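Attaching a single structure in structure tokens format; questions to follow.
To keep things simple, chains are lettered A, B, C and D as they appear, and every chain counts its residues starting from 1.
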Amino acid sequence: MTADSRPARPAVLGQNQYGKAENRVVRITRDGATHHVKDLSVSVALSGDMDEVHYSGSNANVLPTDTAKNTVYAFAKEYGIESAEQFGIHLARHFVTGREPIHRARVRIEEYAWERIETSGAGEAGHSFVRSGQEARLAQITYDGERWEVVSGLKDLVVMNSTNSEFRGYARDEYTTLEETRDRVLATRVRGRWRFGWTDDEQPMPDWEESYEQTRRHLLQAFAETYSLSLQQTLYQMGARVIGHRGEIDEVRFSLPNQHHFLVDLEPFGLSNDNEVYFAADRPYGLIEATVLRDGCEARIPEDLTDL
Amino acid sequence: MTADSRPARPAVLGQNQYGKAENRVVRITRDGATHHVKDLSVSVALSGDMDEVHYSGSNANVLPTDTAKNTVYAFAKEYGIESAEQFGIHLARHFVTGREPIHRARVRIEEYAWERIETSGAGEAGHSFVRSGQEARLAQITYDGERWEVVSGLKDLVVMNSTNSEFRGYARDEYTTLEETRDRVLATRVRGRWRFGWTDDEQPMPDWEESYEQTRRHLLQAFAETYSLSLQQTLYQMGARVIGHRGEIDEVRFSLPNQHHFLVDLEPFGLSNDNEVYFAADRPYGLIEATVLRDGCEARIPEDLTDL
Amino acid sequence: MTADSRPARPAVLGQNQYGKAENRVVRITRDGATHHVKDLSVSVALSGDMDEVHYSGSNANVLPTDTAKNTVYAFAKEYGIESAEQFGIHLARHFVTGREPIHRARVRIEEYAWERIETSGAGEAGHSFVRSGQEARLAQITYDGERWEVVSGLKDLVVMNSTNSEFRGYARDEYTTLEETRDRVLATRVRGRWRFGWTDDEQPMPDWEESYEQTRRHLLQAFAETYSLSLQQTLYQMGARVIGHRGEIDEVRFSLPNQHHFLVDLEPFGLSNDNEVYFAADRPYGLIEATVLRDGCEARIPEDLTDL
Amino acid sequence: MTADSRPARPAVLGQNQYGKAENRVVRITRDGATHHVKDLSVSVALSGDMDEVHYSGSNANVLPTDTAKNTVYAFAKEYGIESAEQFGIHLARHFVTGREPIHRARVRIEEYAWERIETSGAGEAGHSFVRSGQEARLAQITYDGERWEVVSGLKDLVVMNSTNSEFRGYARDEYTTLEETRDRVLATRVRGRWRFGWTDDEQPMPDWEESYEQTRRHLLQAFAETYSLSLQQTLYQMGARVIGHRGEIDEVRFSLPNQHHFLVDLEPFGLSNDNEVYFAADRPYGLIEATVLRDGCEARIPEDLTDL
């Protein structure tokens, strides 16, 4: 941008980025009759020397978002998809190192898992799959030419404890009507993000697939095994378990809606309800959000967990 | 309705029904430390002698929809929830036999499955669950005081064959540009409904849980094991497999969107694409719908498969 | 289908149809600097002599769904889009009259309205639009080579009366706890379908655009102007108003969720609530469905209103 | 938190907040026969001295989220709802000034507009409304006991220019296949946020309702009146127009998906397509995001625009 193109402008450009979002790529790898599937939604966001396109509409520095899309599909062939994180690293490196005006690339990936279908012969059909339907796995890879930031995570993992949850001893004011409980259902739809310590090509890279499987296992187990006095406590235990067991992860953030299950009052019908029959409410819901950090590490995951 | 209340009316009332929809009921059953969960959305629709409420607004024959909701929760306690179908049968019988002006009850149920979470001791936490996230199971129970109709089913079961699917030899006209293929991805999001032969309290009742598990297994296996020349053929095989193996079922209908996976043209980038990299499209999609019947049985499942 | 291809088959094919769903077509018509937009989602379903493709996988009678898609776009150019109904009539006629094995075509259309944006000069920009965001307009055209059936409608038109609604004098049983009210909020998300008397090319065709505008106006006004003793009564008034004013329409069906607005109990906080503060609940909701017919006409709209 | 309660903890708590989300409140104000509606979804997030509830499960500092819900409804009565912003200010002040352990409150509000229904007498029914269905209005109010931050905005405002949009002169690399165009459809679903200069109770407060109406008008007009060389340029013009005309606003951020309308190739059918027939694609889409600032002001709106 030259000074000429911006004469006495009261409105100046701030942070900006552009790219192609939600490129749906399915990669089949054939190992004889046994096929493997990677099913991703890939979103690319590029930043850099982009003042002119905003101020004057000159596209000279703008690689089309259509090209970003083409690159996603071409790289799925050229590099394969070992893991969402590794695939994002290939893409981010390409955009930042190859194109002069691009100074930063952020690749966000949503991954859908598929399970094999068992045949009537009770073996597995090597080419037949049913979508797992549980959480979507998430990965965000950011690169500025020097430093990597990888944040992985998940969303829509719905969990419930049917007991071992209390809520009492809380503060009260003039608008408090809630009654204490020593036994409630605790249910939530987990959104989690975790940031890796890996930032530099010189460091050994984590095993992204193994890391995801283990992190998912730890947070599920911490949820199941914590006798809960509050959802905040459960959240912290989930985060601490991950930090404690996975040395490659420095920071975890969860956003946990408290999906209320209200015990239905059956007394008008002459019936007791000994924690048996619940109404599962949609809205409103409690929302508990927190970051858990490896001591000494910096918090970098934003307050709001966005998917895209 | 008296003649007086309807003087020379050009607009007359036709089929009508009313009730409470999407009652979310979660039923916990405790077997010592091992809990069991049934998680349903229950919709009740009642029909009968309801002309007056439409014509004059008299609610004398109208049992409030709020009462239908209360009944769902009370019955979850009184009868438990053995299966969605059995629960719907209790409800439908209650409304039709107990209330004079109600001549027909239709109960629709959506069920969400939960799996147990394994603990770090590798056993299962008896009270901790993760929602399965695959298909929603469906049941529709209709009763008119004499005859039962039970239609079960599922939706949102997403499946894919990465090979063993062709599409060629089709008709052509002046708007046909599609090229034939001998190897494509075949993916669909299964919506299925199946109607039981059971219609009468005198007949032995099917084992609803077992029937669902086996029917689901058969349709998945038929999908996986059919070398497909068209999605219609696969659909028929899925239906025929169910009819062939499950004597309690007389009719099956599927609605199968053909979720297109387009092979990406990588030639502009000097790359081949040997059925490896696909673009998964959202819209438009093919939509294949058909009924498969036990020979001699009547078709009763409507053309359109609705959820609610 | 020959007898040979179906030896002792216990599972026989019933009603079936296939086609391409949700073809998103936007048609711009330029009248100098003033542009006009038609924005549709078009779904085509074809039926006919299709046994073989189900039984043996032979596609000889199957015009590809891709061809249906191409035809939609080609017809948008060839015929333009005067109205959703007229466009569907062109398409349905084409498939049934041109292709021997196709005996019936059903075209479903969803239409999204756009309004013009006013410029800072306070005139209208002829080429700039904002999507109306209210209801989606619906049309379904079915043709079997002899008889037309046109059903139009809408969905997602959300309306509310903040008074002039009661609910009392209803039936009670042992599960009834609801209290009567003489003043409540009545809110619903209207789904409506209406069937035209026009069935034959020899008859004069309705003005589809005018008919839609007027029908929409009548049902809104009937909702607003009815002092409601029950949502059933309001529904009947909406239908009767349409039948009474629009001679081209023989049958109307509505599906009206009663979107409950519960008066919040503010007494614990020392506050009264004189029909001022409401909690708008999501689920469960009442669901009121009925057909209103021109006296002497046959009911043909199915019990369940489906969109696709 | 005392040192005792945190012995050698490798996992420490970072930013955290909790509250009740999506409280659906509808406020009716009666001005004789003319009623007014405010329809909001209100989400409250509180932060402060909350270490103990995470580490040990002690709820002593935790005002229940149920109390936050009650407060929303009570305040709708006590203060009314002049505007979403003013309502949020009442709530945030209450939580921060009244409760010792709470140091920060963030209130997020989504507002749905209602229009009046015209009666058959062509006047307006004072108590009958149809939901506008266009954008949802957004407001976020944050207070730490000293400084206010108000960010307003909208989402889901869908706009289209059917001409006056080009895209050419862009950068190319080996993955670029896109062809240049001098006339395309430009369509987007606007998400915008704007931050007010008002931060202090001593300053005069903006007229929130007027400010929203005018800002919405300016961004629509800038969209309509810009001859677009790129969506980035249009975005900047939208932001600059707001900054230029609304002195109370210091910062605007937009997230604009480029909802591609592809010109359909009709040549195989012997037809031309002179910018008449388009395929409206769902995914992938371009995504253009940028902040526009009043010169000299600080950027505070986060990179990702979240709704909740």
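Simple rule for what comes next: a contact is a pair of C-beta atoms (placed from the backbone, for glycine too) under 8 Å apart; a residue touches a chain by one contact, two chains touch by 3 or more.
None of these values were measured; they are calculated from a predicted model.
A.B. asks: Could you check if the interface between copies chain A and chain D is built from the same residues on both sides, meaning over half shared, or from different ones?
C.D. replies: Over half shared, hence same.
A.B. asks: With chain centres set to the mean of the C-alpha atoms, which chain is at the far end from chain D?
C.D. replies: It is B.
A.B. asks: Give, as an integer number of Å, the spacing between the C-alpha centres of chain D and chain A.
C.D. replies: About 22 Å, centre to centre.
A.B. asks: Taking each chain's centre as the mean of its CA atoms, how far is chain A from chain C in angstrom?
C.D. replies: Going by mean C-alpha positions, chain A sits 37 Å from chain C.
A.B. asks: Could you give the separation in Å between the centres of chain C and chain D, each centre being the mean of its C-alpha atoms?
C.D. replies: About 31 Å separates the centre of chain C from that of chain D.
A.B. asks: Which residues belonging to chain A are in contact with no fewer than two other chains?
C.D. replies: In chain A, residues 24, 70, 74, 175, 177, 268-269, 282-283 touch at least two other chains, as defined above.
A.B. asks: Can you list the residues on chain B that touch chain A in the complex?
C.D. replies: By the definition above, chain B touches chain A via 24-30, 35, 37, 39, 70, 73-74, 76-78, 114, 117-120, 125, 127-135, 156-164, 185, 220-221, 223-225, 261, 264, 266, 268-269, 271-273, 275-282.
A.B. asks: Please give the residue numbers of chain A that touch chain D in the complex, ascending.
C.D. replies: Against chain D, the touching part of chain A is residues 9-24, 41, 43, 45, 50, 53-67, 69-71, 74, 98-99, 101, 167-173, 175-178, 228-230, 232-233, 235-236, 239-240, 243-244, 251, 253, 257-258, 283-295, 299, 302-304, 306, 308.
A.B. asks: Could you pull out which chain D residues touch chain B in their complex?
C.D. replies: Checking each residue of chain D against chain B gives 174-175, 177, 268-269, 282-283.
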